[in-house]
Structure formats: structure tokens, C-alpha cells
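Shared chain: subunit A. Partners: subunit B in the first complex, subunit C in the second.
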Partner chain A sequence: MKSLLLALTLPMLLPIMAPAATPTALDEVLSGLEKLAAEVETLASDFRQEKYLAVFRDMLPGEGRFYYRRPDRMRWELTQPIATGFVLAGDRGRRWKDKEDKSEAFEIGREPVMKIVAEQLLAWTRADFPRLRSQYEISLVKASPAELRLVPKKGMGDGFLDYLLIFFAPSGRHVRQVEVHEQGGDYTRITFFHTRINEALSDHLF
Partner chain B sequence: MKNLAAGLCAALILAGCATPRIPPAPVPPSPPGWTAAQLDGMLWMSVPKRVRVKQSACFTFRGRTVPMAAMMELNGGQRRARLVAVNELGIKLFDLEISDSALVEHFVLPELARIPRFSEAVATSVRRLFLAPRPRVGDDRLDFVNGRYRMLGKRLSGEVEFFFGGDPPLLAETRMDGEGERWQAVFRDYRMLGAGFWPYDVRLRDDRAGYLLELRILEARGIDEPD
Partner chain C sequence: MNLSELVSAAYYRLERRRALLFLAVIALLGSGLFGFRHLHLQENIAAMLPDGGEVAESFRLLRQAPFARKVLISLEGDQGRNADDLIRAADALKTRLDPALFPVFVGGSDSGPGPKLLPYLVTALPSLVTEKDLNALKERLDGAGVKKTLDESYRQLLGPEGIALKGIIRGDPLGLHRIALQKLRFLNLVPGARFNHGHLISPDGRSLLIAAETPVPITDSAGGERLLAAFDQARQGLPAGIRATLVSGHRYTVANAAAIRGDLWLILGCSSVGLALLFVLFLRSWRAVFVFLAPVSVVFVAAVAVGAVYGEVSAVTIGFGAVLLGIAVDFGLHVYFALRNGGGDAGLIVGEVSRPVVFGALTTVGAFAVLLCSQLPGQRQLAVFSIVGISLALLLALLVLPHLLRVGQGNNRARSLKKSSGMRLLVVVLWLAVVGLGGWQARRVTVNGDLGAMGLIPAELAADESRLRQTWGEVRGRAMIWSLGNAPEQALAVAGQGFERLGAEREPAGIVSLAPLLPALSRQEENRRRWAGFWSGADGARILADLDKEAAALGFAPAAFAPFRDTLSREAPAVTPDTLREAGLGAAVDALLTPLEDGRVGALTLIPETPEWLTAADRALAKIPRARLVAQGRFRAAMGRAIQHDFFRFLAGAGGFVVLLVALLFRHPGKVLAALVPVATGLLVMLGIMGYFGMALNLFNIIAAILVIGLGVDYGIFMVCRQSEGLNRATERAVLVSGLTTLAGFGALVLARHPALHSIGLTVLLGIGAAIPTALWVIPAFYGEQRR
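So, the complex of A and B:
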């Protein structure tokens, strides 16, 4: 579960991370992505989410919006098929269903799942790249536009996560698509579009 | 006077504790002359083939509200259902196989598994909405009053009422009231989906168990794949 949450929160923040020092093709790509992303302060994007359920050989569709602002603000908002979402802001959070004005606050420390989201978010914002490599074997599928494949190392993934695929936009400035493949055949595919970078984001979003 | 005051207080307290019923949707009057078998035949659980249902749901139980998107395969012939639900991040919440009398937990998110009897509450909801109780043609009493059909019957857990309204008559409400169970399910805004008429808006409230399920049925289609 921890790895799945990590996988879902990692992709939009990947460009913010620092590369490892080894001069491989992967490092060069990551270094390039890092340079492109160095000036990213905010991200705003629409997304389409598809959950493939192997037991039914069928897809559950969803749509929503994602917002991020350094250093620790994140908003994940599903608009279809159900209106629900959450905001993480430091050690505080709030979530809602249907209408945001009826949101309920929560302390991240008391919410195990949200705590993991927040911890991982901060880890990636702090460019803890050694931590990423300690958890995943990363390979370069394609250099341009960049495509990465992340396989959890032994002990990671709770026997749940199989691998991740991360596809960057041609500009390299943001993630275009992520696929989280689970053992057993289920996967979640999130496609980001209408992505805006460094757009002023209203405080009320967070 | 003292007794009157005490009585009034008790009445007020009871009124405060009692939760109002979910109002059924206003529907046009049904035409007269429908038989119990015809009414039963209009139920989605009467469809013998397997149906794939996509839905969004909000389950409020023991003070916790869980919004989810879900996919369910309903086998009306075998009276069983397989339900998988995910949250807003696509994380799987549970995967349950439910029949009239059994529940198989293929997966339950640990955080939800810690809520006492969570899976049982979900399974009970699925049974009530999609599997049982059903009208017993020939046993339950059928009335036609004010353009609405009512079938009334006795079950082990109490007295059950099925209300049908509209033209054609479709299930608008189910009520169960007994020592063991007290709950109400309301079905509104019927739409013609791939597998017949299905209510878009479904609400189930169980006063005894203390939960509310709000459901939106988005898609229902028959499937021909081998089981």
C-alpha cells in the first residue's frame, strides 16, 4: 500500500528530483529533466484515470484535477464518476465529497494513508533521489520523450506492486502519463493533460 | 403535570433520535391491472443473465464516509455478486464476493478492515439492493392504492414492503421493519441502460446498523462471456 501511494504521488514530482552522479544514459536523462524542472514552483493539470480490474477484464474510468505548489501543498480532486478529493498542506489535510464547502479537516498524523501520501510528497519535494533508487530499480525505456520503468526492489511493494511506467511530455517539463501495475494484473493509468506550469494558484485551492 | 412533562421530554428525545425516512421520488401513477408476477419481472434482480454494473458510491458507516467508484458483476440467476471498489487515487478498497448467505473477502484495504464489520455492512447492502429480499409472488399481498402498487410480506427478519410506481411500474422503495432489521431503500430516476431499466439514484439507510449508502448507477450491461 505504501508503495502504491508512493507510486501515485511520485510521478508529477519526478522532475523536481536530483539525479544520481553515475554518468549513465539514465542519469543524463534525469539530469536533463531536473534542469527543466528546476524552476517548477506550481503544477496544475487535468487528468483522466483508468482503473483496469483484471477480475472483470474491464476498466473503471475517472476524471479529475491535480494541483501542486512547493513545498508541501497538494490537491487531488476527482470530478467523475464521483466528486471527491483531498488537500494536503503541511501536517494538515481536508477532504470532501460532493461539495468542497462541506470538507472535513483531518490531522495527517492520525490518517495512515494520508500520512504516507504526505511523507512521500515531502520526500520527493526534498529531492531525496537516493531514497528513490534505494526503493526501485529504474531503467530508461526511451530517452526522448523520456519514459522510465520502475521496478520495486525486494521488500518493496508489499507483494502488491509489480512495476511503474512513467511517460514524460515531449517538453520534458512534466509527466504526461503514469501506469501503476499491480501483481495480479490490475493497473491504474493516469493521463495528465492541459498541464500548466508555474501558473499562479489561488490559496483557496489549498 | 410531572408525568406530562416527562412524557413530552421522552417524546422529544425519541423524535430527535428517530431519523426521517428518505422521501421517494414523485412518479406518475401506475396503470391498474398489473399482477405480482409482472411487477416482479420488472426488477433488475429478475434478469437471469450476468450484468456488469459501474457505479459511484458513498458509504457512511460508524462516522466514516468512504466515497468510491465501483464495478460489480451481478449474477441474478445464481443470486451472487462480485464487487470491487476503488478510491479517488485508484487504490483498491475492497473486492468482495457476495451471495444470499455468504461473503468471501478477496481483498479489504487494511484501514477499512479495522472498521468493525465493514465488509459485512457492504455485503448486507449489496444483498438488500441487488439480491434479496425479493417479492414472493403468490405469498406477498398485493395492493393498488393511489396509483401505486404495494406488495407486503412476512420474512424471518420482519415485515417487508415493496412499492412500485410510475408507468411502467418500477420499484420505488423497499422497507423492512422487524425486531432484527429496520431499513429503507429508495430507487429514483430510472434510466434505460443496456440491461433494462435501472435506477440512477439509490439510497439505502439502515437505522439499526447505522449506515447510509448513496449510490449512482452509471452503466449496466449484460455480458455474454463465460463465467
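So, the complex of A and C:
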């Protein structure tokens, strides 16, 4: 419970604790992150997920893998506690439960929720800050390693999203941790580890 | 005093008061012109459709189809362009379109199913769920079913999409919203298409459809030209690789107006050359101009008469009628040639020629009078127009024209028609052969009631329509079931009844209807009672117990689904058109529930226009008196039947009237038959050639056929008078010139690109073209030596 409280309050306190960043500092950080992200052709990472949701009695842990290949290929799969995942290629995708060989195809345009998910994941992986700045008020919590706090602008997140905390790796080339805070107090923390940049990725993954 | 003596006496009486006569004529024609300026002209095709009965109602309902009066703009992207590119291009195009011409777009960023829709539908579900739905639910949510559904919710909550779906899952852990989604499918006006940011995207994601409303009436050609020009200008700014096509009734109107304008120059040019030639060859006198002025001058008076009788006058009637009155020139020509031929006093000559002229005019009036019985208001107006116009032209020809012409020297005798008996036999044999062939081929003539076939459809427009169908399906061509009521509630009740019965006949997946999402309020009340009974009953209790058990097993908190429990215990709201609009379904509601022109309300159901669906709909709607099935194919067939029925009725009516008049004139079976030879030949040749070339009869052929009857019998009357009664006032020449002026005026229409004008021209060319030689050669061949 203590950790839950800390997780809930820390991101909110961070902007107060951190030295006030001027718009110039934020621009510089974002610009630096953009440059570094531009060098990323592929990305592969394991992740650990913690879901603190009121609908569940306890925190819901999870583990999985994430893959990205420029410009628009992405794979998100959960391996624990259940096997599920999806692959995106442009505006089409496929998803599976339990076994990947029994996947079903879908179109992003037909699924508004998946469209938001895909746009967000891609925007973060590519460090597409112009797009993100059109959707969120971004503030700099810490310059190095970079930590950002994002509050959705009006109409973004359809009222369920409160704010996001993004923690970049010291290299600045990828995201280390994401916290998605929802209105009502629920939140999800995703920590990326074993991240490999620009490794050759098999076509089978996508 | 007989007719000839009467006309002669009138001539002598008026001869002494010519100034007064001319003043009276000028006053009459002037008042006609004054009255015409105040006439209300109706500029649409409604006058050419039956104004009563099933066909008329079908046409009114067809015009109310969701896309019938809208401008459709389809954007297509080349390879490499995706839906987002199309959406950006569509939004930019909309801003460039003139808001005065395109004020409202149906569909757009603020329309289409929004985020409020699904939660709303879940809340409203108790009002919508039928007994069939509950049975299916009970089957789906058996013990394993509840676990499967909850497993799915658990999986979604673990995934990135869980954040967005959490609220929905808490309110609907059993996936009851699927029932609402199934009902929502029936609102898809464009099969397979999906909404993306409020835009309709084709199933392949390569096209986007914009539906726009415009204040420009579809029949307004000038407004249509402005509309198309504005669209052309706006689409210039589209990015490379994206094309936009506009399809609406305006393109047909503009294409037809342009074709008619082009045709008129060609036809007027040819007609003018033809008439000038006739003038030079046969008339050669400036006074002959009066002969041609007579029919022109009565047009306005005839139009005012139509206005006085019917209140409103169709512009089509005036336009067509004005051309039609050209036939009235024949009366003046006979008077002109008789006077120029001389051989006596003007009053005597006019008296002599008046008998065939009056009977000729009466037969033409009689032929047109049958149109008074037409179901089409435009044809009835045309009848009044022709009767008044021809009668006035006749009076001008007999009472006024002789005072403007000079009597000839009497040495301009007509050529004798003496022919050898061998030559006469040859003429009769040839005529019999032509008539036989014509009669044989005439049986092959078909009738085409398609109004579209009477207009010009440019190849480019046909190709665009075809591409629109390929991309978007039959958005403009599905059969419609109109459920009619004095209020929306009544219309919805009828629609619900029809939907249930049609669903029992065929798999309802092909139906577009509001009925599943907007049942009548009484039916919603019934649904809510059934819903409450289900959840408080054994089945509901079992499902809820399973839900608790499976939720606990997956680690859900005890209050995880409290919103769902609350929903079950609350009274569900009634679904109304307004609540559906608020939920983001305004465009569909407005398209499928609409006030009609007659004050009623119509709830619209769309079905595929295939024989199987139409038969099923017939069966389903058999005992629902307020439901109307309207299909374009059936409408065309009904119009075809109406035209066919009218054609034979008018032909019989006009024929009967003409025979009666001719019998009254000649009182001799031989003469009567001889007088009818040209008209019978003209009709058989016309129908025979049309049949041989596979041409179908349409609305305009019918009117033109009546013209052939009216004129053809005139030629017969004149020639029989000449042959049998020794009346030789340059009759042959008058008949020949009359026929040739008709061919120059009407026959020239055959050169038109526009199908309606072409149809009239063809009918007249064939009919009159056959009637003239028949009158000039066959009647004399029957009579042998000319009896003087």
C-alpha cells in the first residue's frame, strides 16, 4: 500500500521537487530526444507491467515484449499472466489470445480504441513530439535522464486519462518507464528492460 | 346556311370592318401577352408524372430517398494514399466549397457514432431488447459463456486498450452491448463502409464519401452550373493522387440543358433553312409571312387559357406546346394556296376551302382532346393548350388571314393527277407492301417507362455513377419500404411491424432500418418489462451468480461491477429520435425518419432491390396497410404500363374521334376509309420502323403519335375532298407544303442529341414522312381519274 501511495503521489510531486524548467529547457530536451530517436531503426525490449486498478483486489502484474521497426511496424505481446498480443503494420493489424497462430486481422480505422493505442505507442517510440504536443501539455520533470509529465489537452483521452509520466533511459534513445494515471486514481506502470536498439528483427515478428 | 356559306358571309361582313378586325386581333394577342407575364410556370418534371394513384405516390416517395436529393462527392486515393490522407483532403475540400451552394455536409468530424454512443446504448438496452435477443443471451451466457466473456474482459484490462475500455467493462461485464451493436448494424446506409473521424470510408479504405445538402433545386440548370463550377474550382486544390467526383441530379440537369441548347441551334438552323427553301420554292410572297405568324401569335393566349383552367402551367407544356402549334400553320397554308390559286371571289374561295380546313382542325383538336383524360397533368395541360391554340389559329386562318392576302389570277391550276391504271396498280401494291411490312414489324415495338431514358446521360456521368456503385454499393438504388403515419410514433410502429415480418421472411442482414434501435414507445415499454422479468427470474439470477463466481476467480474486486448492478436496478430511459441524435446518430435518424411533403411522417426501411427481396417484402407487407414498397425497377415498370395503357387508350380515343368526324364530314364509307389511309399508313410505318430497329416507345412518342394522327387525317380529308368532290384549290400543293413545313419543323428534331427531342423528331419524321406520299399518291390511285 505504501508503494501504491508513493507511486500515486510521486509523479505529482516531481514537478514541484524538480527545478522549474523553462520552455527553452523543455524544447532543448525534446529536440535532443527527437534527434536520438531519429537514429532508431528497430527496438526490442522486455517489459514488466503493474496495474493498480480498483476493479481488481490486488495489483495485477504482467510481463511481456515490445518490438518496433521503422516506420510503422510494432508488436506488443503479454506473456504473463496470460498470453495475448497484437501486431501493427500501417493501418492494419492482427491480434491473438493464447496462441499467435490463431490470430485475427483487424483494421485500426475500424477500432477507435486500438487506433488511440497505436498512435500513442508509435508517437512515443518515434519521439514524435510535435504530435504529442498537440495532444498534451508537456512539462519537464527532469532534464537528465529526461523525465516528462504530460497532461492531456481538452478532448484528448475522452475523460479517462489524468496524466502520464515518461522516464527516458540515460542514453535518451528509448523510454525506460511509463506511468499512465487515470482519473479516479487507477494507474499502470510499465518498465522496459533488456532494451536493444537497431538489432535486426525477424520479419516473422510482424 | 352551311359552313362554306357561313365563312363566306363572315368574310364579306368583316371586309367592311377590317380596321376594327385588326384592332380586335391585336387586343386579343396583346392581352394574351400581358396575361402570360403573370403566369406561374412550374419548372420540374412533376407535370409529366401521374398526379394520382400508386405511380404518383411511388414517385413522391422515391424522391424522399436518403441520397436522392443530396450531392454525393466521392474522393478516391491512388495507391499509397490512406484513409488519413483522404480525411485531410475531404476536410480541406469542404472549406473550399462555396458555403452558399454547399451549406450543410451530412457526415463530418462532428457526426457519426461518437464516444457517447456505446454507453448510451448499454443504458438504453432494456428498451431495445426483444424476446429473441433475450433467448439468444440466455444461450450465450450459460456457465461457460459467462467465464468466456469475463476472460475476455480480463484480457482487455491487461492490454493497453484496457484504460479506454475499463468503464465500459465495469458497466457491462457480460458484453451485453453486443446486442446493441447488432442493432446498430441496421443503420449502415452505405454497406461495408465505416466511420472514421466522422467520415465515411469505403471497405477498402481507398475512398471517402461526402454527402452534401444544397439549396439548388435539382431542376435548376443555371444553379446547377454554378454548383458544378464551384465544385470544379474547389477540387483544383486537392493534393496529387486524390481525385474527387461529384454525382447528383444536377449533373443530369446541366448536361440535358446544355444538350438542348446545342440541339436548338442545330435544329433551328436546319428548320430555318428548310422553311426558307419551302418559301422560295412554293410561296414566294411576303404576304405568306402572315401564314406563319398566325400560330406564333396564339401561343400566349393558349398558355393563359391553360393557366385559367389549371392555375399552374408546366414549362414543359408551354415549350412543347409552342412547337406543337406549328402544325396550325397548315390551315393558313390551305387558305393561302386557295386564294393564290384564284378562280373566283375571295369570300367564295375562303368559303369553299373552309370545309376541309375546319374538319382538319376539328380532327386535330379531337386527337389532342383525348389527352384531357390523361393521368399526367402535363398532358392534360397540353390538351387545353392545343385545343385553344388550334381553335384560335383556325379562326385567324379563316377570318383574319384572307384580309391580309391577295387573290391570284386563276391561271395557277394544279397539275392533273391523271395516271395510267398500271401506275395506279403499282402505287397500290407498293403501298400494301409497305403497310404489310410496317404492321408485321410494329408488333415488336416495346414501351419504355423509364423517365431516365428520356433524358441525356453523358458517358462520363454514367461512368462516374458506375464507379460510385462499385465503391459504395447501391447507395442510390435500393428498394424502399415507407412506413407511413400521421406522427413519428405511428410511423415507427408500422416500421417495427414490417421489420419483424420481413426478418421472418429473409435473413435481416441486408436490411437498413431504424426499427431495431428505435421501436415504438409501446414496444419499448413491453421490452423493459420483459428485461426486468428476465433479470429477476431464474435465468437472470443464475447468470449473475455465475458472474460473481467467475469474477472472484479472476481476482476482480467485489464492487468491480457495481455500475452494472446499478443499471439492472434502474429504470431504463425511453429511446427517442432526440436521444439517438444526442448519442451521435443524427444523420441516420434524419435520413430514415423524415417528414413527407404531404404532412405525414415516413419511417424508411431499405432493402436490396432483387426479385427475392421484393417478393419477400410483398409477402411481409401484405397485411400492413400503412407500409409502401417502392422500387425503382417497379416504378419504371409501372410507368411503362401506364404509358402503354395511355398509348393504346389515346390511340383508340383519338382514332375513334377522328373516324367519327371524318364519317360526319363525308357520310360515305369509301371516302371515310380513303381519308384514313394516310394516318393509318403513317402510324404503321412509324411503329414498323421503330420495331425493326428495336426502338421503344416513350412518353414523347405518344404525344408525337397523336400529332401524326391529327395531321395525317387532315391530309386525307383534303385529298379526298379534292378527288371526290372536285375541290381543287391547289390542294396537292397545300398538302405537300403543309407536310414539308411539319417535317422541317418537327422532323428536324431527329437531329437532336437529346433523347426526348430525338424521339419526337423520329416519330414525326416517320409518321408524316409516310403520310404525305400516301395522301398524294395512294388516295388518287384509289380514286382513279380525277373527278372534277
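One rule holds in what follows: the second predicted complex is superposed on the first by the 162 of 206 C-alpha atoms of A that agree within 3 Å, B and C clash if a C-alpha of one lies under 4 Å from a C-alpha of the other, contacts with A are read in each partner's own complex, and residues count from 1 in each chain.
To be clear about the criterion, a contact is a pair of C-beta atoms (placed from the backbone, for glycine too) under 8 Å apart; a residue touches a chain by one contact, two chains touch by 3 or more.
Model, not experiment: these values are computed from the prediction.
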Touch check for A:G90: first (subunit B), second (subunit C), both, or neither?
second
What is the contact status of A:V180 with respect to subunit B (first) and subunit C (second): first, second, both, or neither?
both
Check the residue A:A25 against both partner chains and state whether it touches subunit B (first), subunit C (second), both, or neither.
neither
Figure out whether A:L161 sits in contact with subunit B (first) or subunit C (second), or with both, or with neither.
second
So, does A:E107 touch the first partner subunit B, the second partner subunit C, both, or neither?
second
Under the stated touch criterion, which partner chain does A:I82 make contact with: subunit B (first), subunit C (second), both, or neither?
both
Which of the two partners, first being subunit B and second being subunit C, lies in contact with A:A38: first, second, both, or neither?
neither
In the overlay, answer first, second, both or neither for which of subunit B and subunit C A:D58 touches.
both
Overlap of subunit C and subunit B interfaces on subunit A (superposed complexes):
49, 51, 53, 55-58, 60, 62, 76, 78, 81-82, 84, 86, 97, 112-113, 180, 186, 188
Counting only contacts in the complex, subunit B reaches subunit A at residues 52, 54-58, 65, 67-71, 73, 82, 84, 86, 88-92, 95, 106, 109-111, 216, 218, 225
Of all residues in subunit C, which touch subunit A in the complex?
82-84, 115, 154-155, 157-167, 169-170, 194, 196, 201, 205, 555-557, 560
Subunit A contacts subunit B in the complex at 1, 4-5, 8, 49, 51, 53, 55-58, 60, 62, 64, 76-78, 81-82, 84-86, 97-98, 112-113, 180, 186, 188, 190
In the complex, subunit A touches subunit C at residues 49, 51, 53-58, 60, 62, 76, 78, 81-82, 84, 86, 90-91, 97, 107, 109-110, 112-114, 116-117, 120-121, 158, 160-161, 180, 182, 186, 188
